[in-house]
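Each of the next two complexes has chain A plus one more chain, namely chain B in the first and chain C in the second.
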Partner chain A sequence: MFPELNNLLNITPDRAEQGKLTLLCDAKTDGSFLVHHFLSFYLKANCKVCFVALIQSFSHYNIVGQKLGVSLTAARECGQLVFLEGLKSSVDVFFRAQAEPHPLQFLREADAGNLQPLYEFVRETLKPMDDGQAAWRCPVLLVDDLSVLLSLGLGAVAVLDFIHYCRVAVCWERKGNIVALAHDSGDGEDKENDILLNGLSHQSHLILRAEGLATGFCRDVHGQLRILWRTPSQPTAQRDGSLTYQYKIQDKSVSFFAKGMSPAVL
Partner chain B sequence: MESVLALGGLVLLRDSVEWEGRSLLKALVKKSALCGEQVHILGCEVSEDEFREGFESSINSRLIYHDLFRDPLSWSRTGEALPGGPLGALQAMCRRTDPGPFTIALDSLSWLLLHLPCTAVCQALCALSHQHSRPGGSCPAEPVRVLGLLHEELHGPGALGALSSLAQTEVTLSGAMGQASAHILSRRPRQRPAHQTQWFSILPDFSLDLQGGPPLESQPHPDPHTPPVDPTAHVTFNLHLSKKEKEAKDSLTLPFQFSSEKQQALLRPRPGQATSHIFYEPDAYDDLDQEDPDDDLDV
Partner chain C sequence: MAAVATCGTGAGSTGSIVATTSKNNVTSFQRKGPRASGTDSGCSRLVSIAGTRPSVRNGQLLVSTGLPALDQLLGGGLAVGTVLLIEEDKYNIYSSLLFKYFLAEGIINGHTLLVASAKEDPADILQELPAPLLDDNYKKDLDEDICNHQTPDSNIKMKIAWRYQLLPKMESGPVSSSRFGHYYDASKRMPRELIETSKWHGFFFPEKLSSTLNKEPCSLTHGYRRLLQFIQKVIYEEGFDGSNPQKKQKNILRIGIQNLGSPLWGDDICCTENCDNSHSLTKFLYVLRGLLRTSLSACIITMPAHLIQNRAIIARITNLSDTVVGLESFIGSERETNPLYKDYHGLIHIRQIPRLNNLIYDVSDVKDLAFKLKRKLFTIEIHTQKKFNLCIEEKNVDYNTS
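Entry: the complex of A and B
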């Protein structure tokens, strides 16, 4: 995890909030560093993590995790981390007996499917253990990422329904957290993606948006991070819950600074 | 803002990601409940606990929550889902036969529009709004108010236009400088639509605090989260002067500054100082022609 990002969000592994949906989105840049941050954050916070990883392999996240001080292999072996490797297990959909529903069963369906099998998998994974084992702090669902589900043939409403049911099971019933990444194409041409992104934004308590610089690529400033705090049901006395910082990604950390204040520019 | 609840019929609350509308919906629900009305809430997006949070028990006793949040699509197979799914729940609201004025809050209309055909939603809204004119005509017309929360960015112009045409009042939320505002468009029968902008804030107990106008200060507040950043903290050169350097700098006379000493020096020619010598060593390639080239000019 990146300590500077923890400071900006005012959280520590000991004081993580519960029952929240955090939306990570990126526009014209790669926001996957945020996924790595939250993965290592919640593992260090002693939470049980269900990671639906549809984009990269396990070894990729493991290598980055080791740079950030967590071992995904050890976490998986002791049961703290349940890792659904989308790239590998999607092939199993076609070679398994059809009687057993696979979490990615929608890949097999000809018409527009839904994500109920994936939701059942998440709910089963994060259900509380009642055999007296070491209790984890709170369940966390991490998804990387949701936009690829649109490319795989699902509709935006199906993905929103999946997140809705996960909110019921994880955030409401078990007081856990959900962190999901979605991409923003930015040009307004992908209507389904816009519905997905806006629908998720309305349900979120915290939105972290990584954007590329408007002026183009820069060696010393990799992008801009906008942080928006939301309270979807409670009135806020003063709506100053939005901050913008610029960042630079280094080998093992990310440094944040106010706009225009990069050490390389001063 | 009083006109929002006075007119009855369908009230659309149009919000956005930045300016959320659920707290205004809850404030209007509280106002209706305080008038002694029963309020039915079709909750699709948040849990019952979350919706009731912040209300006093006297308000909560008047709220009837129809839970479409927990299992709207009957995935759980536990039998807790509302019968008929979302459409059944919406149509069940149309068949209310309780006497007395009541309010229906739809949280949210956007959720219904994403899961049901637009035509079905519009027909149900029509049926809800016109419920007071019952066949038989023996009972007097009971006002039914429908508050619908709508997330503007999720729908195309067709659906938004259709809902707009059904609504008696439209409240569009926006704001500036941390202060929320509501643009209210009221359509009274046989009158021109009335526009009004109201700045407001919602207190923690969900009462409405109406403000007269936009916030007075035009400069943005210094952000309490970010400490003021010192740009000279990381430079590689020295920007500061020591005391001696400052004194030397202050006592320096600039070459082109015309002071009285300079004026005196120019007026009083000092001997030996006005002349200057040029020492010139010609080399082999120099062409020293002593003749003045202007000699042949007849000037």
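Entry: the complex of A and C
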């Protein structure tokens, strides 16, 4: 986790909020550093994490996690982390017919399926332990990322349904959190993605949006992060707070600074 | 990443570096190798595969793309287990050249090749590969032009080693070399002996059309499905994913897929904007990447991106690939007569470089890159410097006339 980002968001691993949906979105840049941040944050906060990783392999997250101070292999062994590796499972699902329904069953289907098997998998892994084992603080679902589900043949409505069901099961019933990453194509070309992103934005409590700089590539400033706090249940009750920072990604951390205040410029 | 995964090799499969599905028991003994490799199969085993080297940034296993200039731009080479997507130039001249460089590099290094095409027979593609430049004197000149870090002393040592290795070449095996990245002469063909002694698998789609269709309906088009099954069969049977107990493979599989997405593969994304199976290609890329991540292979795909009408699909394809390079040739465009570009054949755009096992990646500051193809060399250079010189010349002319 990045301490500077924790300060900006005003959260610490001891005081993690509950029942929130956080949307991570990136436009014209790579927002995966946010996923690494939240993964290490919730593991350090002693929460049970179900990570649906559809884009990269386990070793990628593990190696980056080690730089941020968490060991995913250790977390997986003691049961704190349940890791669904999309790339590896897709090969199994696609080439061999499975006996029982696999969470990524939709890969075998000819027409647009739904994500019910995936939802069942999430609910199963995050259900409270009855046998008195080490109780984790709160369950967390982390999805990286949702836009790839659109590329795999699902409709935006199916993905929104999945998130809705997960919100009921995780956020409302178990008082857990959901963090999901979605890409923003920016120019309105991908209509399905826009539907997905708009639908998620209206449901989320916190939106972190990583954007590339409008002026183009810069070596010292990698992008701009917009933080937006929302209260979905009362849409017009109070004004939503929003902050904008620019950031530079380094080897083991990310430094944030106000716009135009990059250390390289000052 | 396949090669650098935290592989619990406690069960003694020392030959296989890939993390297999069953071997997840991490032993407490962790070899204190370079910081980021983190596996207890030593780093020495990683470099023992011919034609690969670990990345200086994160210990990732890299292979050469066949073009040392492109290797430098991509941060040292192409990572094993990833996809290099080339967006074709308009007449598919330079992208097919890059494709051939990739395959030729595989033959020189002794890697296994898998060539898939719907347009040309893979055997014909292999006959047209460029010949490698093994003349050490010429290489020395080239090394001075393109900033190469080799010292003159090691060059001389190479020369001796080259002479030595040239002797048994006629008897057996391909030219084995310890260099990473070779130069090729585009005007000559690769010697037949080298091609015949290399191991390759070809997938020519028109030949596979007549075979029986599979039972289950699937949203992938027929061509993509057959290709995926073929690739998976080769990976499994040759042991590149470490799951075959008989075969312990310590070689790289280089996969080359030509013109993916073109109508010859049975896909219609290049024909119309609202296509029926718009998810076919993206699903193919996803499952292909899954296959690559779990095996010792690297893949190059050339795609006629300029023909794809639906821009949303291009964005999705970019997100689903690891490294994306776009080529734009000047042939037939108004830039051909532009004095700015008179020395070059086209522009090269590095659209995406993956951040693997890392938060950051090696990115060069230069974004304006142009390429030119001379007989023996495909160079990539910055073209804005020339623009600056041209402006100064014009100013001088103005002062003289006043």
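Here, the second predicted complex is superposed on the first by the 254 of 266 C-alpha atoms of A that agree within 3 Å, B and C clash if a C-alpha of one lies under 4 Å from a C-alpha of the other, contacts with A are read in each partner's own complex, and residues count from 1 in each chain.
Methods note: contacts are C-beta pairs under 8 Å (C-beta built on N, C-alpha and C of every residue); 3 or more make two chains touch, one makes a residue touch a chain.
All figures in this text were calculated on a predicted structure; none of them were measured in a lab.
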| item | value |
| --- | --- |
| Joint occupancy of chain A by chain B and chain C, clash or fit | fit |
| Chain B versus chain C as contact partner of A:Ala135, first or second or both or neither | neither |
| Which superposed partner A:His202 touches (first chain B, second chain C, both, neither) | first |
| First, second, both or neither for A:Phe217, with chain B first and chain C second | second |
| First (chain B), second (chain C), both or neither touched by A:Gln66 | second |
| Touch count on chain A, higher of chain B and chain C | C |
| Which of chain B and chain C A:Phe94 touches, first, second, both or neither | second |
| First, second, both or neither for A:Asp190, with chain B first and chain C second | second |
| Which superposed partner A:Ser32 touches (first chain B, second chain C, both, neither) | second |
| Closest approach of chain C to chain B (Cα atoms, Å) | 17 |
| On chain A, positions contacted by chain B and by chain C | 191 |
| Residue numbers on chain C that touch chain A, as the complex places them | 1, 4-6, 19, 21, 26, 36, 38, 58, 216-219, 228-229, 232, 279, 282-283, 286-287, 289-291, 293-294, 310-312, 315-316, 319-320, 355-360, 365, 367 |
| In the complex with chain A, residue positions of chain B that touch it | 17-20, 22-23, 26-27, 45-47, 50-51, 53-54, 69-73, 75, 110, 114-115, 151, 153-154, 156, 175, 178-180, 201-204, 206, 221, 223-226, 229, 231, 234-235 |
| Contact footprint of chain C on chain A as seen in their complex | 30, 32-33, 36, 56-60, 62-64, 66-67, 73, 77, 86-91, 94-95, 107-111, 147-148, 150-153, 183, 185, 187, 189-193, 217, 219, 249-252, 254 |
| Complex interface listing, chain A residues touching chain B | 114, 116, 119, 157, 160-161, 164-165, 168, 172, 191, 194-195, 198-199, 201-203, 207, 228, 230-240, 243, 257-258, 261, 263, 266 |
